[in-house]
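Single-structure report; data block below.
The chains carry the letters A, B and C, assigned in the order they are written, with residues numbered from 1 in each.
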């Protein structure tokens, strides 16, 4: 494990609350979440589907609907500045340049009427104007995420690529701009394990060579176990447990974390039915 | 041909799907992507065939070709022994009720302008036109409950759901017309392990109750091992290995399968 | 839809532009009721009369009386202390409300028929500028609506279908569209207008101009709509619908059209000003609406007179102000709508 160069976290989120309002009803999707991300480290966020992992990550650069529909409170200190207090122009500079995203939805984040190569090239021109041969840079980026025959796929439209290839294009686009923080929301769900390993190796290399920090949202405990430094477990809008990966996974404290680890499907498991979570039991144990 | 116990439900032979690869300013055809290249496969009634393989190896395309959503270049598809390769439009409609597909990308597979109620009602309107409005609503609510969602959410729009919740709506939509053959294209990839287990259990229960048949495309090899009676491994458009899960994991023959199994990240040990 | 309205009303700019537009269109609809004189009633005794001041006098609304100081100017000045009574909902000239209901009541009428009452002054033949403005708004405001309806309907039909079916249909439709886009529209317009001019009455000319304007405009809309329908065609929800057995018509109606609707709405709102300005420009050049009908462009063209600037007859430029306000209101509303329906913010 790499140890943080200083004790000052790169990103420090405190008491984050996100409330969605529709008509008269309101839904508090995230309820008082706090976590730190250190330079060169990886924080994995795991947890229930719908527990607020994606909205937490999107809120950092305000990629959620504007205020009346969605309210964000709390603070997110990045490099000493509160991200929630930035002006729209400052925020645009942070997005992509400092913090870049691999969204959970690859297909909807790519524009269907432009080729994938031109979309990455546009992002590169915007954020790295010093690069001369943009095309070569883009092809290299596609190559690094394991797209076979990258030079020919430069001109492909998103719908001509498989789900996993679209996902890799998103990763290539996020990394092509050399961000300091990568927020990857389930970046490998559509990838087979060999490509998945290739992507994780690439991230490892960037982490070591340029101090890239990663927030990794995933449902795959194998990845958390082998790749992340810290882990935060979300359940119903709260972080119920967080800490160094090795500790939390080996010795989970919260009943939800325990139940979740028990649900992981394992090779060679001969049981007829997979274990699921009894939420009532967790509520009882938590009370 | 008559349907006997030995006729497979779905039989594919020599299936090819080739897409033109275009390049240059005029987007002239410069080559071909052999998405599916000479695949033969048979799926018995009541069985689950797991389909794994490299990303981009043609799994989705194969599934889509079965329900006529991808252009078939060559080959024959038989359903209950009947050649359905050439059927189109109206003549294929009866089969559409029997075969359904769950789509890979939960964010893109629900119309953002439709409420969940109308998403689920659409297949019912098409295949059960006689059903009354109240019955239809009832049915939609029970479908949502089946996949572990709150029936109160029927009036919501897709963007108000998380990825895993949308995936479950997609599953409910496929179940709506009571099909007998379901192509699950990474149907559980976007779900947390607990909901994934819940859905896999649900699919298995339905299989027992109604004798459903699945083509189960996934990347999580543990889940594939759990649910499948037969596993098919694809690489670059071709089937490289077919075996029962036990055999496959014990003694993989093809080098690609070996690499695949070696790359599985080890999950954390079970606590206590 | 009601959701959209609520969102628009929540923004100050949205509500302001909406209220302005509703007021303008209500004015056009109820033109007869609001106008104070018949649209073409001349009064050569009172040409270039300045706007008459309306005040509160003796417990009622009243209008200031003016007298002529210089016939050649002409110049007028108010007679101090002399007022004439005005009545709300008083009878006046005959008109048909909404073109159907014969009525005589007006919003504001002088008690005596010989009272000089020009809320926005009079023009070179003593016609009431205010009344002409109100009647003229009918032409200027509807031309945008009709034009955009034709444009969008054609664009949707051609663009939507060629995007959906692709292949040969798409190829030929798009080449046709490109051909249309390459035609220099202004010259075509001028040519067509001069050829057609003798054949049509002024009312018919209105229709002809709308049709010419929208026939040129639809090609652009068709291209955009084709692109959008093409990309929606490839989404998985359309595949899913196809997979469940939905036919092309069902897919177009249930899946493609609703997803184009917000674009259509925004684009329509933003391009209406183009038609309003187009009509104004044509009428200004003498190629559009002609006397005795009234439109804002026509009124402006009649204000092209050095005398008006020299003698500061500013009220004759109010049609320009009306065009300006309408165009700004539509543009602001379009911007607000775009913010509201921005799909990025919706999906994330």
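The rule we apply is simple: a residue touches a chain if its C-beta (ideal position, glycine included) is under 8 Å from a C-beta of that chain, and two chains touch if they have at least 3 such contacts.
Everything numeric in this text was worked out from a predicted model, so none of it was measured.
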- Message: What's the contact topology between the chains, one of line, ring, star, complete, other?
- Response: complete
- The pair of chains with the most residue-pair contacts is A-B
- Query: When you take the mean of every protein CA atom shown, which chain's own CA mean is nearest to it?
  - Reply: A
- Message: Quick check: how many Å separate the C-alpha centres of chain B and chain C?
- Response: 53
- So what's the Cα centroid distance for chain A and chain C, whole Å? 50
- Whole-Å distance, chain A centre to chain B centre, using C-alpha means? 26
- The positions of chain B in contact with two or more other chains are 104-105, 107-108
- Query: On chain C, where are the residues touching two or more other chains?
  - Reply: 235-236, 346-347
- Query: Got the chain A residues that touch at least 2 other chains?
  - Reply: 105, 107-108
- Spell out the part of chain B that touches chain A in their complex, as residue ranges. 19, 21-24, 27, 30-31, 33, 52-57, 59-61, 104-108, 160-165, 186, 189-198, 200-201, 204, 219-223, 225-226, 249, 259-260, 263-271
- Please give the residue numbers of chain C that touch chain A in the complex, ascending. 10, 227, 230-231, 234-236, 345-348
- Okay, in this complex, where on chain B does chain C touch? 64, 67, 69, 89, 93, 96-97, 100-101, 103-105, 107-114, 122-123, 126-127, 159, 170, 173, 177
- List of chain A residues in touch with chain B within their complex: 20, 22, 46-51, 54, 104-108, 148, 152, 155-156, 160-165, 167-168, 186, 189-197, 219-227, 249-252, 258-269, 272-277
- Query: If you look only at chain A, which of its residues touch chain C in the complex?
  - Reply: 58, 63-66, 68, 103, 105, 107-108, 112-113, 159
